[in-house]
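Structures given as structure tokens follow.
In what comes next, chain A is part of two complexes: it sits with chain B in the first one and with chain C in the second one.
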Partner chain A sequence: MQLSKHARDVLETSMQQNKIDDAEKKEIEELISVLPQDRVVIYKNVVSNPIGDIYRYNIHIRIQHMLTFVTFLTLAFTGLPIYFFEAFWAEPFNSLMGGVNVSRVIHRTIAAVMIFSMLYHILTITLGSVARIKLGIFDIRRTIIPLFKDIRDFKDDILYFAGRLNERPEMDKFNYKQKIHYFAAAFGNLVMIISGSSFLFPAFWASILPESMASHFQELMRLSHPHEALLALLVIAFWHWYNVHLAPGRFPMQWTFLTGKITREHQIEEHFLEYLRNLVEDPEEREHLLDMMESRELLTEIGDEANPKSGDS
Partner chain B sequence: MMKPMTKWQKVIAYSSLAIVLVWTVLGFLAIYVILTEK
Partner chain C sequence: MIRKTFTIILVLLSCLLFSNVAMAIFEDDEACLMCHKYPNMARITDDGARRSYYVMPEIFTNTVHRNVPCRDCHNYINELPHKPVDTGVTCNTECHSIKNPATGKPFSHKIIYDAYSASVHGRKKIETSIENDKPYCITCHTNPLYNPNEEGPPKHVIDRCVLCHEDKKFAEQWYKHTSRRIKEVKRSSIEIVALCSSCHGDKKLIDRHVKRAKADNRELGKKFPVAVESYEHSFHGKLTQYGFTKTANCLDCHAEKENYYKSVHEILPSRHKDSPVSKENRVATCKRCHVYADENYASLDPHPTSYRDDNIFRYYAEKIYNMIGNIAIAALVGLSIFETIGRRRDGVAWRLIHGTTWRRKSKRGRDRIE
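For the complex of A and B:
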């Protein structure tokens, strides 16, 4: 396999950051050079454990996902019947909670847990990044921060799905779709927190906003809170759940949120650049890949693809 | 090539799938009710 310029740069940065010695470098380069050029052939032929092979999320991120997951659904269950108080379907939900006054208390308590989860997340990613910078192993391409390459990947992925490209783009640990989703959720969270706090602390907001704006702000927030909630529910039910449950290759469920691991197949298909780093960081993964490709007779001779002149011409 | 799931893995994966599908159907119903209620 001949790596693209970008993939080569990712590989070399990773080898440099992990202080890989010359012998190991040679081993990694040799492994890559004998892999088939077509990534689809690789990911269709590797053996994957459905609950995951490669480490992706640490325990903090998994706890934060679990907190967000539980608080989000509970907030929707308690919040929508409060807003649609008079609707026939809202009454049983409110009764289940012990009446609308109890629903309100539960809703606010769970909201505090959701805010805690967000702060916990900000702390984790900030401290994690600072630690990586100090250790000299920080690579911005490995983070959730949007880069110009994401726009290119978005375009290339559309071209692939339209049948105009043979392969999906080489994407990083977080692809364009995940970045859009992440920042949409972050924005939604902020809208919910600001609007929710304006109901709880109207005097505070009135004291910091210009007098002419305060009541308009309250009205705006009263509209935003339920509608952002509905939007978030739709995004979760139709976008997120499709991606993690129904999408081909993920059905019936992607286990990463529980095990913290991603399948080898998925990593090569959608996060190829991160897989290159996995090959650098984990000698066992190199052995696995080599064995799997060898047993299926899919390895190319060294130099076949690296040097086209020595080929069929 | 994915290894087959064990019995328990199947139970967890398919039951969570069932939950989200039921939730999605309820979501459709809720949106329909919200949008058509007078």
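For the complex of A and C:
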């Protein structure tokens, strides 16, 4: 396989950051060179464990996801029946929580937990990034920060889904979908915290804003809180749960949020650049991949990357 | 002849028995019950409604007006049978029979009546114009029972009273009068909102007044057409509907806090400088509950709506929110469907079985080697 310029850069940066010695470098290069040129053939022919093969999320991220998951749903189920109080389902939901007297206390308490979760997350990623910078292993492409490449990836992915491209783009640890989702959630969290606090402390917000803005701000917050909540719930229901539960290849669910691991075929298909780093960082993964490709006679002769020995149907 | 005499005696005995029962409960010195004791004492009004004139003495005797003779209020009745009534009772009439124990003067509701008359709700008893839509005393006040949840004064209380006051009847009356007033007789927030909504939530009535004000080139409150609807959707309104008692109901803001029972009869238009919700008084009114309220806080809209005429900022903000929301959801659902079609074409299956999800035949000709 001949890597693209971008993939080659990612691989070399990773080898450099991981201080890979020459012997290992040679081994990695040899493995890459005998892989089939077509990435589709690779991810279609690997063997994956449904609960995950490759380490992706540390325990902090998994705890934060769990906190977000629990707080988000609890906040939605205690908040929406208060806003849509005339809907037929509002009263049963409120009663289920013990009435509004109870649900509003739950709502505010869980909101505090959600804020804690957000701060915990900011602390984790900040300290993690600082540590990586200090160790000289920080690579912005491996973070959730949006880059211009994401726009290209989005365009190429759409072309692939439309049948105009033969394979999906080489995407990084976090692809464009995950970045949109992450920043939508971050923005949503911020909106919910500010608007929620404007309900809880209206006098404080009115006192720090000019009189001409105080009323407009409150109006905006009154609209933002339920609209953002509903939008978030629909995005979660229609998109996030689609991506992690309902999408072909992910059904009935991805176990990553519990095990912290992603399946091999998923990593190669949607996060190929990260998979190259996995090959650099994990000798066992190199062995597994080599064995799998060899058993299916998909390895190419060195220097003949375009034509695998056999089996490429 | 004997049969006829027997029938007359039976009827007379029955009347005597009936009137005795009534007399035992309610002293009908003016013989009004002679006719009004009959349940079918009623008429059909011009607009087809059935108006009942039936008085149940056993109920009336437990009401706050039990000691007021009928003609103290119905003072236009001068003969029996009386002529058709076209004026009705006005609540500022002085009672001839009941004296105010504090002043010795004839008792009346004049103080409250005058306060009400000067308020935005004030009207005459008989109105033929649009003013007839305004509430009169009986729109809000019926003739309430003393203690509807008690069959009578508790025996242990009366037993104690009569040790000094001797007269059991006096003790019972005094108990009813004081116990009702000592207990909280203020309407609940839900009842207050329902009462105000019975007129302010009547769309036809509101439309009539909006049109008339327009024709008269008269100013109406900005929230007048949407008062009930906007309150119901506000924080205060929602919490009130859920039974909260510490949340503001209509009267908590629109009436003065001091001397509540009088001030609720003195409601003024919000644009009147003496109204608690006027620009001049709004901060003080908000501070009744929101102790940190200032000018900025008082500028917040407690009755928000998204109607263009009411709040143009919110109108467009909501439109933009809805547009963004709809586009976002449609785009994400579209992308998900698009992705499913695209990857299915390439041979992906729904579930990961035997180490792979790429078990299907691909239309692009690159399948897993089994």
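The rule we apply is simple: the second predicted complex is superposed on the first by the 302 of 313 C-alpha atoms of A that agree within 3 Å, B and C clash if a C-alpha of one lies under 4 Å from a C-alpha of the other, contacts with A are read in each partner's own complex, and residues count from 1 in each chain.
By definition in this document, contacts are C-beta pairs under 8 Å (C-beta built on N, C-alpha and C of every residue); 3 or more make two chains touch, one makes a residue touch a chain.
These figures come from a predicted structure and were not determined experimentally.
Asker: With both complexes superposed on chain A, which partner does A:Leu223 reach: first (chain B), second (chain C), both or neither?
Answerer: Touch partner of A:Leu223: chain C, not chain B.
Asker: Tell me the contact category for A:His245 with respect to chain B and chain C: first, second, both or neither.
Answerer: Only chain B; A:His245 stays clear of chain C.
Asker: What is the contact status of A:Phe85 with respect to chain B (first) and chain C (second): first, second, both, or neither?
Answerer: After superposing on A, A:Phe85 lies in contact with chain C but is clear of chain B.
Asker: With the two structures laid over each other on chain A, which partner does A:Leu233 touch: chain B (first), chain C (second), both, or neither?
Answerer: first
Asker: For A:Lys44, using the defined touch cut-off, is the partner it touches chain B, chain C, both, or neither? Pick first, second, both or neither.
Answerer: Both partners.
Asker: Using the touch definition from the top, say if A:Phe183 reaches chain B (first), chain C (second), both or neither.
Answerer: So A:Phe183 meets neither chain B nor chain C here.
Asker: Go through the superposed model and pick first if A:Phe69 touches only chain B, second if only chain C, both, or neither.
Answerer: In the superposed model, A:Phe69 contacts neither chain B nor chain C.
Asker: Let me test your reading of the model: by the given contact rule, A:Leu298 touches which partner, first (chain B), second (chain C), both or neither?
Answerer: It touches chain C, and chain B stays clear.
Asker: Pick one for A:Ala214: touches chain B only (first), chain C only (second), both, or neither.
Answerer: In the superposition, A:Ala214 touches chain C alone.
Asker: Looking only at chain A, is it chain B or chain C that touches more of its residues?
Answerer: Higher number of touched chain A residues: C.
Asker: Kindly list the residues of chain A that each of chain B and chain C touches, one partner per complex.
Answerer: 44-50, 230, 234, 238, 251-252, 263, 265
Asker: Can you list the residues on chain A that touch chain C in the complex?
Answerer: Result: residues 38, 40-41, 43-50, 82, 85, 94, 99-101, 157-158, 160-163, 166, 199, 202-204, 206-207, 209-211, 214-216, 218-220, 222-224, 227, 230-231, 234-235, 238-239, 242-243, 247-249, 251-252, 263, 265, 296-298, 311-313 of chain A touch chain C.
Asker: What part of chain C is in contact with chain A in the complex they form?
Answerer: 235, 238-239, 241-244, 290, 292-297, 299-301, 304, 306, 311, 313-314, 317-318, 321-322, 324-325, 328-329, 332-333, 335-336, 338-352, 355-358, 364-369
Asker: Give the list of chain B residues in touch with chain A in this complex.
Answerer: 1-5, 9, 12-14, 16-17, 20, 23-24, 27, 30-31, 33-34, 37
Asker: Sort out for me which residues of chain A touch chain B in the complex.
Answerer: Touching chain B from chain A are residues 44-51, 80, 84, 87, 89, 230, 233-234, 237-238, 241, 245, 251-253, 255, 263, 265.
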